[in-house]
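To start, the structure itself, in structure tokens.
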Amino acid sequence: MKNKNLLNYSDYLSLEKVLSSQELMSAKRGSPAHDEMLFIIIHQVYELWFKQILHELDSVILIFKQKSVLESDVSLMVLRLQRIIEIQKILIDQIRVLETMTAMDFLEFRDDLFPSSGFQSAQFRLLENKLGLLKDHRINYGRHDYTSVIKEEEKIRVKKTENEKSLFDHLESWLERTPFLSFEGFDFWEQYSGAVRSMLKKEKLVIQDNPNDTKKEIEYHLNEHSNAVLSFEAMIDEQKHNQLITKNKKRLSHKATQAALLILLYRDEPILHSPFNLISRLIDMDELFTSWRQRHALMVRRMIGAKIGTGGSSGHKYLQATADKHKIFTDLADLSTFFIPRSALPQLPEKIKQNLGYHFKS
Amino acid sequence: MKNKNLLNYSDYLSLEKVLSSQELMSAKRGSPAHDEMLFIIIHQVYELWFKQILHELDSVILIFKQKSVLESDVSLMVLRLQRIIEIQKILIDQIRVLETMTAMDFLEFRDDLFPSSGFQSAQFRLLENKLGLLKDHRINYGRHDYTSVIKEEEKIRVKKTENEKSLFDHLESWLERTPFLSFEGFDFWEQYSGAVRSMLKKEKLVIQDNPNDTKKEIEYHLNEHSNAVLSFEAMIDEQKHNQLITKNKKRLSHKATQAALLILLYRDEPILHSPFNLISRLIDMDELFTSWRQRHALMVRRMIGAKIGTGGSSGHKYLQATADKHKIFTDLADLSTFFIPRSALPQLPEKIKQNLGYHFKS
Amino acid sequence: MKNKNLLNYSDYLSLEKVLSSQELMSAKRGSPAHDEMLFIIIHQVYELWFKQILHELDSVILIFKQKSVLESDVSLMVLRLQRIIEIQKILIDQIRVLETMTAMDFLEFRDDLFPSSGFQSAQFRLLENKLGLLKDHRINYGRHDYTSVIKEEEKIRVKKTENEKSLFDHLESWLERTPFLSFEGFDFWEQYSGAVRSMLKKEKLVIQDNPNDTKKEIEYHLNEHSNAVLSFEAMIDEQKHNQLITKNKKRLSHKATQAALLILLYRDEPILHSPFNLISRLIDMDELFTSWRQRHALMVRRMIGAKIGTGGSSGHKYLQATADKHKIFTDLADLSTFFIPRSALPQLPEKIKQNLGYHFKS
Amino acid sequence: MKNKNLLNYSDYLSLEKVLSSQELMSAKRGSPAHDEMLFIIIHQVYELWFKQILHELDSVILIFKQKSVLESDVSLMVLRLQRIIEIQKILIDQIRVLETMTAMDFLEFRDDLFPSSGFQSAQFRLLENKLGLLKDHRINYGRHDYTSVIKEEEKIRVKKTENEKSLFDHLESWLERTPFLSFEGFDFWEQYSGAVRSMLKKEKLVIQDNPNDTKKEIEYHLNEHSNAVLSFEAMIDEQKHNQLITKNKKRLSHKATQAALLILLYRDEPILHSPFNLISRLIDMDELFTSWRQRHALMVRRMIGAKIGTGGSSGHKYLQATADKHKIFTDLADLSTFFIPRSALPQLPEKIKQNLGYHFKS
């Protein structure tokens, strides 16, 4: 006498579909490999999480697309990124589950998979594009187009995102038009440059006088140091910054870079909390994708050694290379180079401070 | 010119089916709740992992069903359990992802789910039954049958497992007929009892003379201690053991309990490595299910407070209660009560040792 | 020619002291147990982390002690609590390291430890007291005073914190005098009560008509439901709330409870972000201590079975009991009982909204 | 009336020493930086764990030093390595605690630390040497000797280990004299070579005919493939193997490499379980050190950007480079290149199988 129309857990989650989607290739040819089930299921789990990440990412991009971004919008974006981050931690940790399959267990069905491969994951390519990975920054080992291996129907979706504004682009525009950093006569950059230059000078002395170092080491570090000096000069000189962009050494625009630095330096001001959290979560997200690629590369190396991947890639070498090169928000992470202690930070005039926040007291 | 018949990642993983299985109830009634996507996806991920755990569990049970269980079979079972354990760690850790959804976000679509609920997960009930949870050990708050809420088609599968030999049953039989523990004249139990009794006597003195304790505390501990003594007497006296079984204080048969204890005590002997690992992994698995239920209960409490669950359960109280009561292998975990230091362990006669293992040297 | 006065890593960290502080009792009596080193080191690591947690906790309490608590103070406290939370996750995870020591390995040196025990950890007692655990809420199994086993010098420090304002107390005062919730004519409670009462009524109907439930189950749930109703009446009626306090069913004052609820309900308002985060982190912290005690209890059970602890405690039973009873911020976690969907939330008048935050747009 | 001579938790753990070993440099110069406490404590925790890892590593080396290594010795070594692995997971995870300190918080006391640095950790250098890192494999950026910065007293201990037999060396000797792999007439290598060569031939065809690849990609993969062929030829031809050693492309001796491969291929034989686990745990350990260095590099990059490290290193670049180059057991991980499916594996003659294990049945 149960009401048949009541929602049931199983129907709500479409479990009939989801749990009948594991077709073992090894079983098809008559000798089922026990571990192929794990291989299929863990990849389906990855793709489900990718869908969730895309869901969050799309919502963040949608918020950025609004005419104006309110403070509460920024803090909502932070929450969405925070969720992506928690998912990423799981993406990394669950590699340990896959590692319970040994290299020899994998060989039992590896040939059955050919030539399919993780390279064909449309969702992962969507993710990279939406984050802001540029087509010509991709590592491709002579492959003419990363989309060539993707299924026709999905390829269109992926291609489309190449030309859309990415998270990186939106962040850049937002930083460029950020309202809370017009200083109305306060000569922030002059004061700040003084502080940084004196820090850099002090650092140089430290290098030159380091009693632990040999002459050769000192030379090495002085060279590194002069790079930091050049990099700082670009921070305060738009033309120099643009030259670095031309040389592919920077990507974020000069104006956006300055805005991001200010947010990071004055993050203690209430109005900058959410912007600071936004930038920090983007750096976290970038780091976690890097960690995931690195762990993935280690696992693949162990699984197939120097064999080529099922999709014809050179396996772990490709993955390791992308870990280094497919980062998106490096320019944000690198800003710490120009941090100075709070005590050396130019004091904001009271009038500006007032504008930077409500001041509740209890 | 691409061969259309080549296996593609997307087809191999049935991604079209899997990634189109997220239908938001809140969207159906016209106001999509952003977080319902997470709610659906994480539960689908849980069900995929449950399918994988069942796959491993079934294979372990199949091995146990063989006429004879070889050493290499035992070590294969250990590997399969090890995989379950790694999955369980992920089941626990990914609660953190769900916790990025706050109680108020959940309220946006909670009513849409009624009366579906995790209670209706057929796979989880299968899992409990296959592990060996007995129907009348289930906590049910007056509910006449836990299967009443499960979908008709799935209910049959679940019901069927109630009458099948569970992992617990198989383990018990295997322990009872374990070959490596016939001592041929060596009076193990006599020597061992002596050692344990002297340990228990020493412990009693320690309690009586504890300078940190008050009289009341000493009484309390002496009472606990006399329980340990009774429990030990049951270990060496089958009749007493069977009385404990009748009172529902033990479940594992006397013979199997003795065999398990011997495996744990003499685990350093090569032939006992895999049996020792088997028992240890079962205890691990049991502990991790307990941890998962406890974490789950904490999360539910925070999410819905004292509200009832969508399926009409009393939410976290039920979950907390199952964490304590739905354990399967408590009898194995409790054996450590009767461990004694290696130095006090009766020395195996050389002839028996020889039978207990190969002895390679390099 | 190295300058001897330059700071060295080893001296900076006092490694000579720290790394010479592992004295094996088993070695003293002539038969070093390999695993005692792990036992000592992991407990030292725990104590170092406890020191760090106390450092953060003290700083949070110090901030609360200020005459007035600014918005930036609240967000600083959130960061400090966030750090405690990350440490707690490690405290839980590293139990896995200790679990590589088996019960029999532990027996090799267990007797050497008698009667020392984790009960004697002064830092952990300090932590409990500073969080706000009340002396008469402690589970003590007839022990007259938990400090009786603590070393004389340390006992004084612990005793002192019994009479100091705890984190719980400070939070309560702060919530009571929170400025942003005076509604100046806006009849929040009336509107809100209407919404909750209609939610509770709907829930009652749902219980009564649940087609999945038997009569007995329905009775059970109706009883639970009437408790929720009573609890809600206490939320809006100070006298009823105070009765619950008298009966030890609530601890947080009526005024503070109402303030906390408002913060949780209107957390989307910019000015409430930090207060919302503060409350959320406190609930997180409480949950993680509970998880840690639960995991600890499981580990102890496995390690010593039904034996008594080295300090004369009844081991895992005590630990499991404290997991349930030594929570501090239950009243905050339980507030989700009274959450209603955003759509049902009384709209704040524009004038009040203006006061609740800066409104930057980009 | 408490007995003063009873062991107390606090004394047992030398807590007075350990918990008084945090001296803030920033406090010494009059302005204590809140976060310096975390910086000190987490590094002390790292050093305590290093001490524990060394304790386990020393015990493993001691076992290897015995005249003959019994089966039970191998499985004991596996347990010890398993513990190191669990510790390594914590070393990685607790980076998240340090990351709660932001770059600007670090600047508050960074200058106070100069020129001390993690480079001066004697224990970490001991660890690297004992594992088997060779002095001339170290990345040193022109530094004449990595020990030059280590404290005088500790330097002697570190230097000494440069000339001692490392874990790598012991493993190599053990593999070379491994007893269970004399095939008495069974022409394993011939049969196996046939199987591998046919696998490699098949792989070549697959590369040449890959419909997803461009000509350029095919060329690239054929080149990679011919490297695999060369590498395999070295596996069966000692002279070729020795040439690779001369070119620094291999390190493990030909005989040891063959033995390791055989263990991995025939790991299902009971007698090879423990040797298989030993090799697997060494690969795990190597991978986890790599992951730790990679995570560490990411964190340092974020913390100091392009600044130089406090010890005068080029910070994250050095750490990233060591992650790639300071691996010890690469030769073991790479063996998966030559795995073939079980079905293609030469069947061991029954007589040999008999020698490879006890065969209990239940």
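Order of writing sets the chain letters: A, B, C and D. Residues in each chain are counted from 1.
By definition in this document, a contact is a pair of C-beta atoms (placed from the backbone, for glycine too) under 8 Å apart; a residue touches a chain by one contact, two chains touch by 3 or more.
On a predicted model such as this, the values are computed, not experimentally measured, just so you know.
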Query - Self-contact between copies chain A and chain D, residue sets same or different by half - result: same
Requested in this report: State the chain with the largest centre-to-centre distance from chain A, centres being mean CA positions.
Outcome: B
Report summary line: Check: chain pair from A-C, A-B or B-C whose contacts match over half of those in B-D is A-C
Report summary line: For the pair chain A and chain D, the C-alpha centroid-to-centroid distance in angstrom is 28
Query raised in the report: Roughly how far is chain C from chain D, going centre to centre by Cα mean, in whole Å?
Result: 38
**Report entry** Between chain A and chain C, centroid-to-centroid distance (C-alpha), Å
**Finding:** 33
Report summary line: Listed in rising order, chain D residues that touch 2 or more other chains are 6, 114-115, 211-212, 311
Query raised in the report: Among line, ring, star, complete and other, which one matches the pattern of chain touches?
Result: complete
Report summary line: Listed in rising order, the residues of chain D that touch chain B in the complex are 1-3, 6, 68-72, 75, 174, 177-180, 211-212, 268-271, 273-274, 357-362
Query raised in the report: Okay, in this complex, where on chain B does chain A touch?
Result: 6-15, 17-23, 25, 34, 37-38, 40-45, 47-49, 51-52, 55, 59, 79, 82-83, 86-87, 89-90, 93-94, 96-97, 100-101, 112-123, 151, 154, 311
Query raised in the report: Inside the complex, what are the residues of chain C that reach chain B?
Result: 102-104, 107-108, 114-115, 141-144, 148-149, 203, 206-207, 210-214, 216-217, 219-221, 224-225, 227-228, 231, 264-265, 267, 280, 283, 287, 290-291, 294-295, 298, 301-308, 311-312, 314, 333-343
